[in-house]
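Presented sequentially are two complexes of chain A, the first with chain B as partner and the second with chain C.
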Partner chain A sequence: MASEFVTLSLTPLLIGIFAAVACALPGNFLLLRKQALIGDAISHVALPGIVVAFLLTGAISTWPMMLGAAGAAIVAVVMIEGIRRLGRIEPGAAMGVVFTTLFAAGVLLLEQSDTSSVHLDVEHALYGNLESLIWLDGTGWDSLLDPQALAYLPVELPRMAATLVVVAAFIALFWRPLKIATFDEGFARTLGMRTEWLGLALVLMAALAAVAAFDAVGSIIVIAMFICPPAAARMMTNRLEVQVGWSVVFASVSAIVGYVLAGYGPMWVGMADAVSAAGMIATVSGVILAISALWGPCRRRAGAPSGV
Partner chain B sequence: MQLSLASQNGQSAAEAGLSSSPLCIRGLTVSYGEKPAVFSVDMTVVAGQMTAIIGPNGAGKSTLLKAALGIVPPLSGRVQVFGRPLDHQRARIAYVPQRASVDWDFPTRVIDVVMMGLYRDLGLLGRIRGSHRQIARDCLDRVGMHEFSERQIGQLSGGQQQRVFLARALAQGADLYLLDEPFAGVDAATEKAIISVLKDLRAEGKTVVAVHHDLATVRDYFDNVFLINTRKVAEGPVDEAFTAETLQAAYGGRLATAQVDQIATTA
Partner chain C sequence: MLFDALFLQLGYNATLVAVGATLLGAASGITGTFLFLRKRALVSDAVSHATLPGICVAFLILVGLGGEGRNLAALLVGSAVSAGIGLWCMNWLTRNTRLAEDAAIGAVLSVFFGFGVVLLTVIQTLGSGRQAGLEGFLLGSTAGMLYSDALVIAGGGAAVLVMILLARRPMTLVAFDPEYAAARGLSVSRIDMLMMALVMAVTVVGLKVVGLILIVALLIIPPVTARFWTERADQVVILSGILGAVAAYLGAALSASAPNLPTGPIIVLMSFALFALSLLVAPNRGVLAAVLRHRRFQRRVHLRQGLLALAQAQTIYEPLTLRLLARAGLVRADGVATRAGRARAAKALRDERRWEILRRDQAQEAAAALYDGLREIETVLTPDQIAEIDGKIVPAREAH
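Take a look at the complex of A and B:
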């Protein structure tokens, strides 16, 4: 039982948790800045980025695809800013226009290109394949101390862990500027802060988290984790420090409960097959949001205008 | 300080190179779209006094303040603070934005907002000490908000929110205080509390500049006025620059002549 858990469930669980937390952390600030949809935008435009990278290199290999996704994310951010300024359109609408268009372009590209021989399809882009990230060399808890077995950990695990470390370090280091500039940008500028660079850095961190998580678990989790845990956390507290703590808890709980329910839930109700873990994790995060919206202690002051 | 009615083509800086003035602006032009919001404005703030920036709605009062602080980029012009470029003097400036410019549902407490005024001391990762908390509490005390320090800021009234913003500016420990409509939409008690704090600052030798909209209180509150309607209209001591003539020039037909006479002659 223990060995089966380590082989089949440990790595997907950890990857799911790391991905969820890495997205939820910047999500707190994006939500308060009314930019929550940027995570949605980034994760969608990753698809055309990946397809273009595939067309250029002709192979499914990680680094070109990550670069393609990251490049597409940057293109999207620039496009959103450009449309917002030139068209004088509100940011939410600008994001909506950009990510639907680019995602649609990605779908068209994918259809037209010969990707039938490789594992690259729209479904994968949306849901990822968390369940497949198993650790065949992990035969029990003692494998965690076995360098040979560790060498065969799914590459997504260290990559997602590193992403989480980078994102968390950024938030911790720039905590005060992020807080001040998010609350009162004009005041932040009088302190000499470069608020436009800070905002861009935050979006780039979100893009990093989105692209890394997209690769491992698909865009559904990314979209849900940018918005649901922070929005639910906002209704639990009136302090930003505590809100971020709650968002980490909610993201982790979503990942764990969602994974377990996806794997075993259908069996409990007498169905034969497991359901998508990514879909279930996103669903659980939505349920948590609904519960805190109904019973959270600070929901009255939860900033309906600043929410989703 | 002589009264100066600006000429059509903008005033040239007569007294070039003056100035250890707390805030010295030359040829400042700011534009958001095609029409300039502030056009070729010169301003020299007198140290240790209180100056009101006055003008009709959309006259560029807030924009002038924001450009002076580097919040919005000017098209042209120079700003000097105590005789040096703004970037070298940020520690000597405190700023109170318009209350409506932020989202008061932001998840934070009163004391945390005041602590933001200490950012320049604390830096990115500096440890918050007891002395910092003491400064923040003292500043809340000065605006009469001591017992609210643990409240979430969204639970305050408009006047209380304005006082919290003033407390944050006090925590900055500056020499020049720039306030954007500090009396807009506040209750009478708050207005009294704020003006008393500002007069205390003046007594300490600090300089105060405030965008002000209530013409009836200009004489009571301020030493100098700066009248603006995109271009500078007048600048100087209240007795000289705040007259029926200058008000008519700034507001045009928007003020009834009788009203103007009444305001300008109420001593």
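Take a look at the complex of A and C:
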């Protein structure tokens, strides 16, 4: 039982948790800055980036694809900003124009190119394949100390862990500026902060988390984790420190419960096969959000009359 | 082949799809305009993603009742129900919690879509081949569409158009100025609900053609494009409908003309092509127009400053100024003013003196506010007033 757990479930579970937390951390700030849908846009435009990287290199390899997705995210941010300024269009609509167009271009490229020989399709990009990231050499808990078995860990695990470390380090390092700029941008500017660069860095961190998670677990989790855990955490507290803490807890719980429900839930109700883990993790995060929206201690707007 | 497709020569089904897509494009372009003017364009993204669980549940019910599970009308009803639930959740979150609308949109979008994906995998485990067709709702698939499906789409698109025609006046009013609409006694919340119902209807009808991920493009891109060309709300509505219809028609025809051209993405890219064109060449709001406007302004400033420099016998070093003056025949190649140049320069300097006096006169504050260094004084004052000002210039000179 233990060996089966380590082989089949340990790595997907860890990757799921790391991806969820890495997205939830910047998600807190994006939510407060009313940029929650940036994650949505980034995860849509990663598809054309990945397809272009594949067409250029002709192989499914990690680094070109990560670079392609990151490049597409930057192109998208520049396009949104450009269209917003040049056309004087509200940001929501500009975002809608850009990410649907880039996604459509990605789908078209995918259909036009011969990708039948490799595992690259729209469904995979949307809901990933968390379940397949198994660790064949992990035969038991002892394998964690066995360098030879560790060498065959799915590459997604160290990459996701590194992403989480980078994102967490960014948030920790820039905690004060981020906090001030998020709540009172004007005050931050009078203190001499370069708020626009800070905002761009935050979006880039979000893009990094999104692209790394996208590769491992698909875009569904990315969008859900950017928004649901921070939103649920927002209902629990008025303090940013506590909110970030709650969001990490909610993201981890979503990943664990979602993964377990997807893997074992169907068997409990008498069905033979597992369901999509990515979809289930998103669903669980939604349930958590619903619970906190109904009963969270700080769910109302400050100053709103109670009981209305 | 493309030519055949454009003129509806590719058989009955392709023709029906093209006609259905055109109606859908018009309906979504018009509906989207109200959303866009209300600054709620991305709400449609939540609505469209929220349709997925409904499709799956409807499919499961159909299969549970012993059917094939491919009845398009039943699947669309299911999708409408779950889109409605998603919309309600989104409204509830924005109204009853501290979440902003964008967070509510993202939450509904991702959770409903995630749940739909779970249901999709459940359906996959039911039996091989059975789910074939449901994936088509993600990105749209018109290949192998049944006659009855095409009929549902064409009928749905037409029905939405009729609904919009009936409700266009109150919706325009609310989209444009909700406070005024409320003051006129209209129920803003009810009209908002109607607007959302229409968005839902367009989404549901478009699922099969464009797919739930890209249908939002049909609701956003045509209105944004139309907005470049006109400042009047009613014209934006009509233009957006036309643009949506054109993009959808071209896209459907193009995708029918060759294999591997999925309908939804082609329609979206067509819309974007129209958008990009408008962004560049639209009068007033277009980029090209803005560049031209800037150049014209720059030239006027240079010419004016050049004339003032000539009048005060200063040397002009700025090459652009010299070039502009020379081209207008006001200076010779060596920078010395021609006769016409001296006359224009003297007038420019005198106008500047007249403005100076005008701006010192508190009774003329309104006219003086129009001074920007470029405006001709004749466009502000009558000849009599100018003569009166000229009378004040001379004594001022004698006093020196």
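The rule is short, and it goes like this: the second predicted complex is superposed on the first by the 301 of 308 C-alpha atoms of A that agree within 3 Å, B and C clash if a C-alpha of one lies under 4 Å from a C-alpha of the other, contacts with A are read in each partner's own complex, and residues count from 1 in each chain.
Note that in this section a residue touches a chain if its C-beta (ideal position, glycine included) is under 8 Å from a C-beta of that chain, and two chains touch if they have at least 3 such contacts.
Because the structure is a prediction, the values reported are computed rather than measured.
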After lining up the shared chain so the two structures overlap, which partner does A:262 touch, if you call chain B first and chain C second: first, second, both or neither? second
Quick one: is A:177 in contact with chain B, with chain C, with both, or with neither? Answer first, second, both or neither. first
Comparing chain B against chain C, which has contacts with more of the residues in chain A? C
Classify the contacts of A:36 with the two partner chains as first (chain B alone), second (chain C alone), both, or neither. second
Now for A:234: first (chain B), second (chain C), both, or neither, which partner does it touch? both
Determine, under the contact definition given at the top, whether A:108 touches first (chain B), second (chain C), both, or neither. second
Which partner chains sit in contact with A:92 here, chain B, chain C, both or neither? Use first/second/both/neither. second
Intersected contact list for chain A, partners chain B and chain C 234, 298, 301-302
The residues of chain B that touch chain A in their complex are 66, 69-71, 87, 90, 93, 95, 97, 101-103, 105-109, 112-113, 116, 119-120, 122, 124-125, 152, 154-155, 168
Any idea which chain C residues touch chain A in the complex? 36, 39-42, 45, 93, 96-100, 102-103, 105-107, 109-118, 120-122, 124-125, 135, 138-139, 213-214, 216-217, 220-221, 223-224, 227-228, 260-262, 264-266, 268-269, 271-272, 275, 279, 285, 287, 290
Write out the stretch or stretches of chain A touching chain C in their complex. 31, 34-37, 39-40, 44, 83, 86-90, 92-97, 100-101, 103-105, 107-108, 111-112, 122-123, 126-127, 220-221, 223-224, 226-228, 231, 234-235, 262, 266, 271-276, 278-283, 285-286, 289, 293, 298-302, 304
Of all residues in chain A, those that touch chain B in their complex: 32, 173-174, 176-177, 179-180, 182-184, 186-187, 189-192, 234, 237-240, 242-243, 298, 301-303, 305-306
